[in-house]
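Per-chain numbering from 1; labels A, B and C assigned in written order.
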Amino acid sequence: MITIASDFGSPYPAAMKGVLCQRTDARLVDVAHDFPRQDVRAAAFWLREVLPYFPPATHLVVVDPGVGTDRDAIVVRAGEHVLVGPDNGVLLPAARRFAPADDRETYVIDETSLEPVEPTGRGTTPRSGLGREHGDSSGRSETGRRPASNTFHGRDVFAPAAAAVHDADRDALEDLSTLSPVDEYVDLELPAPTLEPAPSDPDCAVGEVMVVDGFGNVITNVPGRFLEGRNEIVADGEIVPVGETFAAVDPGERLATVGSHGNVELDVNRGRGDEAFGLEAGDRVVLEAA
Amino acid sequence: MITIASDFGSPYPAAMKGVLCQRTDARLVDVAHDFPRQDVRAAAFWLREVLPYFPPATHLVVVDPGVGTDRDAIVVRAGEHVLVGPDNGVLLPAARRFAPADDRETYVIDETSLEPVEPTGRGTTPRSGLGREHGDSSGRSETGRRPASNTFHGRDVFAPAAAAVHDADRDALEDLSTLSPVDEYVDLELPAPTLEPAPSDPDCAVGEVMVVDGFGNVITNVPGRFLEGRNEIVADGEIVPVGETFAAVDPGERLATVGSHGNVELDVNRGRGDEAFGLEAGDRVVLEAA
Amino acid sequence: MITIASDFGSPYPAAMKGVLCQRTDARLVDVAHDFPRQDVRAAAFWLREVLPYFPPATHLVVVDPGVGTDRDAIVVRAGEHVLVGPDNGVLLPAARRFAPADDRETYVIDETSLEPVEPTGRGTTPRSGLGREHGDSSGRSETGRRPASNTFHGRDVFAPAAAAVHDADRDALEDLSTLSPVDEYVDLELPAPTLEPAPSDPDCAVGEVMVVDGFGNVITNVPGRFLEGRNEIVADGEIVPVGETFAAVDPGERLATVGSHGNVELDVNRGRGDEAFGLEAGDRVVLEAA
């Protein structure tokens, strides 16, 4: 199985799926293609929360603001899962969730050794002339090999790499000629909150909004147990009831609850928490005992 | 085959798909994940119109404004189809379309008897500490079993139930230890229009807007035969031409037509009917012979 | 494999998938369902750019502003690929990319000979009465056959045709009783730019915006080689730097680059090119040597 996640919107992911279908019979499952654009941290958070619900799989991830720069393309084996994507940290929080460091290996992809991606068919190219894509010699190297596009590594680099990795022996990835082990990579850590006076029994949490979901729920990095035993808290200076479910408060009312990822969420029953609390991803948030 | 429908947006459905892939080899087909948020009636309408085009299947439906309350999770077998979702009526209009009452059975799901959903991997949990999700003892019952989240039953209850039901004998669901037959459930009926002077030959229909689709087409509950033999009607006091197709009127012009679901639609050729008619889901609409 | 592309949004494509699942075991892959509404040219452009990355497949395409008029439904075999959709030109640019004219065949679909699409189940129809959809006799022909809806040929015509074509011998489509060869069809050519003083070495390109993607990137029809050897160009009178990647300029800054389709794009690094350049699909654009 290959899962696919990106910030590409539509229809670019279809080209990735086409390449995958050309090269492997793996089952394909979309995770999401509407991650916040070029927001590595938001994608890393969602992947950490969602991917562990899948059985062992190859996870193709393309959230890649540095596409076309010299950032590497990497493969991370983490326990029984394998992740493929850019070396910008987006894979790491999920990889750490999958397996401890002694059961993880990281490889850099030699892009030049991948079989080049070519569109099928032998029809006419556009009347308007040829870009680098379509067979003119100008874009080819001296060996005649067409280089990857500078802007769509999802199609030209990551999808072929994911297909190759999927069909290889997960425990012998070092045998793939396209992969070389590396020790250095961008090791993104999602931010941790400050819990006072003690992490084990906090009365105050200074945290951060990790993401806002499509419902407008404000998902913080404060662990859900901050709400244990509390009927209300003070969030950014205002008293907010604590509920086990949205329905604990009337429609339109605010509440703090523990989200499905285990963190404190600031929500509105049948409404948008982000608007009610005036918060967005990256904002600092202070929670206190009431 | 398992179809999946929700109002979850993205990326939450991916966690449901992960759980399904862990527990069954069933083919998965997305119906929609952008149903109007927490609008049981709109989802019930769409499901009734769309699901009957599928071959016999298990249909997983999560539009669940009461998540975390004591509303039950239910399974409805209706002819050769099986529906899984919350007991809020969302399944019933489709179930009635599938089969008459004497070929339908309803079961309540014993959530505590489902094999708990656990993320895969044995890596580190977030540095920030542990919520109820991630293995701390605080959220577990005395038996050590992790309870379902209060906010994401799609992942923790309905997906496991759908996998179990799919892999069971459809005609012996009572043998599943997680299911108990029930006679009482929320039996949602979608509203019917008033047709005067007689339903068989109406000159006036007082109906309701069921949904507005993504094109802005206003889909009413008035049966399409109201338009038969008419070249124009009066909709909310204004004369509107009747057309067999959008192209019956010029681009930008309004028309009444019979939609693909068999009901009267108020549309604009290459435009948005909801804006032109000033109508939204739930609004009353009066159609009269011109 | 059947790929599916439309401008239907949601949940209409699910009904098409249901029909496909009823009639074939083919693997289904979504290309996109959010093509610009009823914009044949935009869809034709995207399909030409995306479909060639798939292995040989049946491609179901429904962008059909003339639904319900007398426009034909057609099938185009182009090399190893088969396309199914309305005869409005949307299939042709992809077909030409797949294969030259002597390896293409076009057929018209006899809609009346397709096995009619019927919803499954034998349950109750809506209390409100029956539209043409739901079994009343009024909408049936004298043979008792239910006609296709006037507004949803994706479900009632194109999906059944795609299933039939997929399961037939691609090289003997003329044996299908539902297909008849035709020589005349709408042969859409996407517009070509004017390149002066010579196409081989242009200093000035008068082109057009083909589409704006979800990132706001403005995709023109000017071939990417216009940018070769240039550090900046003049786009609609303003100097714009040329970059190999978005990251060649600072976030928020404009650039011209060669997109993944080989054409000149006018973009903003981590921003929206359409807003910065004031351009939308169909606009004329003039690029000049700086």
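Some observations on this one:
Here is the rule we go by: a contact is a pair of C-beta atoms (placed from the backbone, for glycine too) under 8 Å apart; a residue touches a chain by one contact, two chains touch by 3 or more.
From a predicted model like this one, the values you see are computed outputs, not experimental measurements.
Between chain A and chain B, the superposing rotation on Cα atoms measures out at 120°, rounded to the nearest 5.
Residue numbering shows that chain A and chain C use the same positions for less than half of their mutual interface. Work out the mean CA point of chain A and of chain C, and you get 29 Å between them. Touching of two or more other chains is recorded for no residue of chain B. Residue ranges of chain B in contact with chain C, taken from their complex: 1, 3, 5, 29-35, 46, 49-57, 78-81, 95-100, 189-190, 192-193, 195, 199, 207, 213-215, 221-225, 228, 244-248, 257-263, 265, 270. Residue ranges on chain A touching chain C, taken from their complex, read 8-12, 14-15, 17-19, 21-22, 28, 37-38, 65-69, 117, 119-134, 136, 138, 149-152, 155-156.
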